[in-house]
Structure formats: C-alpha cells, structure tokens
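Each of the next two complexes has subunit A plus one other chain: subunit B in the first, subunit C in the second.
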Partner chain A sequence: MEDGGDDGRRPQPVGSPGSVPRDLDRELDRLDDERMLDKLTRYWIDERNSPDILVWQGLVVEETLDKLQAQAEMVQKLQEDPRTSEEEHFRIVLIQTEAERVKFLVRSYLRTRLHKIEKYAAYIIQTPEMRGRLSVTELAHAQKYHALLTAHFHSSALSGLPESMRSLDDDEDESGRGTVTRPNKAQGLFIRARRRCPVSLPNGGILELEKGAIHLIPYEAIEALLRLGDVECL
Partner chain B sequence: MFGDAATGLINEARHSKALDTLISYNDEMVRNVVREIRTLDADMETAFKENTDDIPDSPPSANVMCEINVYHASAHRNKRCLLAYLSYRIDRLKDSYWASGGALPHVLNDQDLRQKMSPHEVDFLRQYNALIMDYRSDVLDVLDVAGGLLSPPKDLYVQVRVVRDCGTIHTELGTIDFQKGQRFMIRRSDVEHLIVQGYLEPV
Partner chain C sequence: MSLPPQLRPSLTPQELEFIACNQETIEIIPLFGMDRIRLISGIYGPFVPPAKTRVPLWLATNLKLKMKCRIIPPEWLSVDYLNAKVEEEIAAEEFSELPFRYAEIAKVLLDTASDNIQQADKVRFLLKELREARQAKARKGLSRIDFSLVDLPNLCAMEINEIRPYFVKAMGVMGQLTAGMHPPGGGGGEGMEIDN
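On to the complex of A and B.
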C-alpha cells in the first residue's frame, strides 16, 4: 500500500476549508495524514502476525472511517455536479479505488482481531489486562460469543454428564486439563527495528537492535517494544 | 476399552481436517461417549463406597485410590475429546459462514452442509449470525466487515459473468436483473458478496 499514503489529501483541491492554514501547519497536516494510513497499515501487519491480541487502535480506525465517510460524501457531491470536468471524474475514480483499498485494510484489521477474540474469548474474560485491549464492541462480542459457545457445549454434550463434570474446566489445574486457549507467546516473529532499542532475550541475554535490522525473535521478547512501536512486524 | 469412542470422535475430526470437508455430526458416538462418562462416574462411586464401608471416614487404601484414579482420568479424557470434537466442528462451520460473506441463508440452504449439522449447530450458527450482525452494525454506514478479504481490490469495476440466476439486485446505478450467461461491467463493492457466494464469476 505504498501508493496509499496520500489518500486523505486528494479531494482537497476541490473541497479545502475556507481558512488557509499557514504553510507550516499545512505541512504538518499533510505529514499527519500520511502517518495515519501508514500507522493503520503497520497496526494491521502487526495484528496479522502476532499471536496475541494487540491494543485496539481506536483513534486511527475512527479517524480512517470518518475520512472515508467524508470522502464518500464529497465524491457523491462532485459526481452529481454537472460542472465536474472529465479530468476530475477520472480523479474521482482514483479516489474511489483508493477508498476501497483502505476499506479492505480496515476490514481485514477488524476481522483479524475478531478471529483472535473468538479464539481466546475465555482467556479474555478471565484476564482484566486483555479486556483493556479491546474496543467496547469487541469486548461485548467476546462475552456474548463465550456465552454462546458455552451454551452450545452444554446443550450438545455437557448437560448429559454427571453434575460434577459439567463445568468447562475454566480453571487451569496442575494436571493441565484446562480448556482455556491462550496465545502462544513463545512463537517466533519476523520483526524490523524502527529505532535503536535493546531487547532482553528469554535466555537472559540482551540484544541491541539497530535501526532497520531484521530479526526472528520470540513474541514475548518484543511484546513491549511492539506496543511502543519500536519494532514492527514483517 | 475406555476411551475408544472418544478416540473415534477425535479421528473423525482428524479425517475431516485431512479431507478438508465437514463430516456428518456423529450423534451416536457423542451419546456413547456421554454414556461412558456416566458409567465411569458410577463405577468410581461404587469403588469408593465398597471400600470405605467398613471404616467410615478413613482414607481409601492405595489400591482403591489407584482404581478411582483410572476411572477419573478416563472420564476426563473422554470429556476433553468430546469438547475438542464439538469445537473443531464449530470452527469449521464458522469458516463456512465467513466464506459466504456472512450470509446465513446461503450456508443453511446448502443442503449438503445442512445434513451434516446437528440441530444444536444450526441453532449456534443462527445465534452467531445475530452476534455478528450486532458487531457489523457498528460501522456498517462506512464499510461491511463481512465483505471479501481475498485480496485488496485493484480496480473499482469488475467484469463478471453470471453463473447462477440470482434475481434482481439493487446497486448504486439502479436495479439489475442478473440472468445466467449475461456479462456485466459493474462496481466491485456492489456485487462482491455475489462473487463470494458463487453467483457471479469475475472474467
């Protein structure tokens, strides 16, 4: 999606706000725009690759959705306007195509999370730290999904068992019989360092990551760095 | 032998995975496993009672503990297999649901698939669909979360051939009556779900 960086800027020639910002401000705005879609792309790649559910990037998603909506409205207005020139119509098609591509990104981001949320629903409900990483809608979904799945297990099989065995074994006991699926944090991940940073490895050693260096590393070692944005997934 | 039925369930799940198709819900085997668990539980109870009758409140001897342990472990193993079987099937059904772009009728009308599902599984899908509807409605004015995810769209429009009649569809440019054999150049986002469900085929 390298070509997607300037998505928010395109309609500006026709629909820019009345007050002209100072050059510096405009420059900053432009950078911010680029960063937003780049950020979204990075969060999407991180989410797709990491075994655990990452922190919900509500701000970026909301902003992207708002922009998409604003852009769709503007496109509609321009399409209905008879004064719109041939060249502008061509640009509209480009904008629409780009918007579809951004939508793909958001959709994939949401669906990746949804998949993990359903997979780890029981774990999320037990762990306050996990709950904090989800959006309100996602948390509600996790709870409802877990209830639904439990109900299904009960009606299909558990209700026929002796009373003492009807629970879902949500508690992990020493026999390791628990049925709660947890993310496998020892899984290896290809990462690239976005800035210079030290990593403490599971074996106790410390590895200094140079900016731009690519490593294969267990997820648990770079969990915090990923959250800070010091490293990104590939 | 203890656990044979449960192993059978696990094998069915494994075959299903290897063949990449859902195998009919094995109600009989599930019932057998449930029954076995109940028998094991009763045996455990009997073993415990028989051996502690003489001296109440005394801990059972090592022999009895060993016997009880075998029953206990077998019962729990069976239960675990049962849950694994059920949850494997649910995962598969959810995959079919998403593969059709979140169109529940499309999944339920698939007679081949429908026959293989247990009534509880049909219920599950119905309620799951309701949950997903809730989730989708949050952002539905801008994008549909259940849309296709195969690859990022390269073009706004797509040329399609109608493979199966699918009646009149409302699109951005008005209503279109899709009939088998026709070709259209059409906005991808309008008909993406029809492509996913196999009514249209990109040319």
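On to the complex of A and C.
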C-alpha cells in the first residue's frame, strides 16, 4: 500500500541543501525523532500546496501524538514532585515550548485536510480512490457534511424546482459547469526533487528531474511522485 | 472556516519562519549551565559555558530572549560574504547559491540577536540589496514560463512564496490557451488546429 510514505527507503534529511553543514556524528545522534517531525512538516507543506487531498498520514500523526502525550505525562509528574530542581523547571519550560510548536503543526495539518474535505465532499464520496485517502473519522465527517448540505439545499431551494433539475451530483460537462466541485489538477506546483526521478509531462515528453532541482510543474504530472515522496512541495 | 481564507493560497511568511526555526540549527554559546535536554526533535546540549553547542533556531532565539546565550551567526550572515554575493548576483544571469531558507534565518537573527552580528545595519542593507537583485531576476523568469514546466535553480523558500501567485496563475492561463492547440495524445503542435 502507499501509506507509510517512504518507509523502508533510505532516510533522507529533508533539510535544505544549502544549510549550514552538520557533522555526521551529530546527525546520527539524533535518533528517529527528528525524522518524524521533518516528515510531518513535509506532509503538512505538501497538503497545504497541492490542490487535491493527499493520502492521510496516520502513522506519523499518531506517532507524534504519542510522543506529545508521553512528554506531557512526564512533565506533569516532574511538576508535582517538590524535589524537582530549578534547572529541571527551566527544562520543562523549554519542553513545553516545543510541544506547543509541534501541536501547531499537527493542528494545521488536520485543519488543511478538513478544509479540503468540506470543499470536495461530493467528489470524495463519488470517487472510491479519494475515499481511500481519508482516515475513518475524516470519511465519516465527509459523509455527514455532504448529507447535511444536500438536505439543506433540498429543503431551502431545490424542492421548489422541477424534478429534473434537482440533482446535486451532475458531473462537470465540457464547459466546466457542474454541481460537483473537483480539484484543479492542472494547477502549477512548486516542487523539489528529493531524489532523481522521471516525470511525464502533459505534452507527452519525459523529463528527468535531478535531485534537489526546483521546478514549477502542473500537479497532475507529479501526483504519483508526490505520493511516493520522490518530490516535495515548496 | 477550518482554514482561514488568507491561509488557503499558500504558506504565509510567518509559517515559513516557523518551518525555518524548526528545521535549521545554529551554534550558540550558552551563558548558563544545564545538562542535556531531550526534546521531541532530538537531544541537545550539554550547555556548559563557554563551549559551543548546536541547537534548533527556535531554541536559540528562545534562550537569547532570556539572555541565556550568545548566538554565533552563520558564516554567510556577514558583511564580507554578503558584499561578494551582491556583486555575484548583479553580474550573473543565474541566481547565486544561498541557503534555502536564508531570508527567514536572517530575519529571525536580526530581530532577536542583532547585538551578536557584526555591523548588523550594514548586513540588513546588503540583504535588502540582494533581495532586490534577485526579485528582478525572478520577474524576468516569468517570461520563460511554459504551460508545463519551469526550471528554477537556486530559488529560495521566501522568493518562491512571493512569486507563487503570479507564476501559478500565468501557468494556468498558458495551459488554457495551449490546450486547444495540442491534439489529444499528440507530442507536438504540428496540426495547429483550434476547435470552437
């Protein structure tokens, strides 16, 4: 399955190529934790930039929430303990500051998805592939939201129209008119290649993306690469 | 509502700054003693003055604001380096190479730790010049826009965010204009037919 992103592939620091050089020892010292946050940040940026809703990254979100909770429990224990030193209290302040930053990241990721789910609810429900990209709770929300909206439209306006004009799931016709809002897959996206990979362009050509290269490309051309984590949004 | 309208088109400059503060690390000289600290992003320290240690940018500015450290600015945030960069930028056709999040890092450091940067005012001025030279190039790049692809080496995060609305829109319009000219599945525009 596609979820889980690039697990099992060689780890790649998401950091910028031009950033201050870091030495290897320190990099190895940092365990898996940093990769988790970097991954979540990448998924967040991808989600914010792409017109379509992307695959739900449940593993990373859950792992992050688990870490946050474990830390909150530890902090609470230390705060209740009268033997906790001054130094320890200062450390707690820093830990809490970081926790707030991480929470912001998770929240913004979820909110971005929620916005897209509500915007494309009808389309998601019609399309099995889209439904598969949502988490269980997200899908339940999409269905409830769509049902509410449909009921509201019917009771406020549609019931007064002739039978043939009441449908809310007309697909878009040639002129782009329809009742189902779909993501504009031709929208341009700024991306960077995380590893060397080929892209088939809409005009039929094939382009080899070099690692680290920055391009502006229509979303439909890199949709699959984005899911594999071969490219990232900027 | 779930996502305020001003956040929908792209990340905001503040959010780019947030990312830079999380992902970039910087060297500090702590002014207080503390053992290693285990954060979600990694383990940092120990903090033993006057030994240098490397921490995430947000942690550095947090400590700096509490006057608990001195920040060692990166090599590129200096008058000499930036002077050379500005010259290179003006002379060359291409974008010169800079750290991907240089604008964010420079802003954060100049805001919180300008007393740790030598000739901070001059550095500020040079960064502005650099930005203007690069902006002019980015605008020129708009003329190279194709409906399927633009290649943008060495462009930085903040600059991409700045040109994003125009470039994406321009690409959309180009796509619409050329859509009728390419026969479906065809590779070239030989049969230049326009329907309708």
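One rule holds in what follows: the second predicted complex is superposed on the first by the 196 of 234 C-alpha atoms of A that agree within 3 Å, B and C clash if a C-alpha of one lies under 4 Å from a C-alpha of the other, contacts with A are read in each partner's own complex, and residues count from 1 in each chain.
The rule is simple: a residue touches a chain if its C-beta (ideal position, glycine included) is under 8 Å from a C-beta of that chain, and two chains touch if they have at least 3 such contacts.
Here the structure is a predicted model, which is why all the values come from computation and not from measurement.
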Subunit B versus subunit C as contact partner of A:Gln71, first or second or both or neither: second
Partner, of subunit C and subunit B, that touches more residues belonging to subunit A: C
Partner chain in contact with A:Leu201 - subunit B first, subunit C second, else both or neither: second
Contacts of A:Arg111 with subunit B and subunit C, given as first, second, both or neither: both
A:Ile214 touches, of subunit B and subunit C: first, second, both or neither? second
Subunit B versus subunit C as contact partner of A:Ser85, first or second or both or neither: neither
Touched partner set for A:Gln96, first subunit B, second subunit C, both or neither: first
Subunit B/subunit C common contact set on subunit A: 68, 97, 101, 104-105, 108, 111, 114, 118
Sites on subunit C touched by subunit A in the complex: 1-3, 7-8, 10-11, 15, 18-19, 22-26, 34-35, 37, 39-43, 54, 58-59, 62, 74-75, 97-102, 145, 147-155, 157, 160, 164, 167-168, 171-172, 175, 182, 185-187
Footprint of subunit C on subunit A - complex, ascending: 14-20, 22, 26, 29-31, 33-34, 36-38, 41, 45, 48-49, 64, 67-68, 71, 87, 90-91, 94-95, 97-99, 101-102, 104-105, 108, 111-112, 114-115, 118, 184, 186-190, 201-205, 207, 213-218, 221, 234
Subunit B-touching residues of subunit A, taken from the complex the two chains share: 1, 65, 68-69, 72, 93, 96-97, 100-101, 103-108, 110-111, 114, 118, 137, 140-141, 144-145, 148-149, 152-153, 155-157, 160-162, 164-165, 168, 177, 179
Interfacial residue positions of subunit B with respect to subunit A in the complex: 30-31, 33-34, 37-38, 41, 75-76, 79-80, 82-83, 86-87, 90, 94, 98, 118, 120-121, 123-124, 127-128, 131, 134-135, 138-139, 141-145, 147, 149, 152-156, 188-189
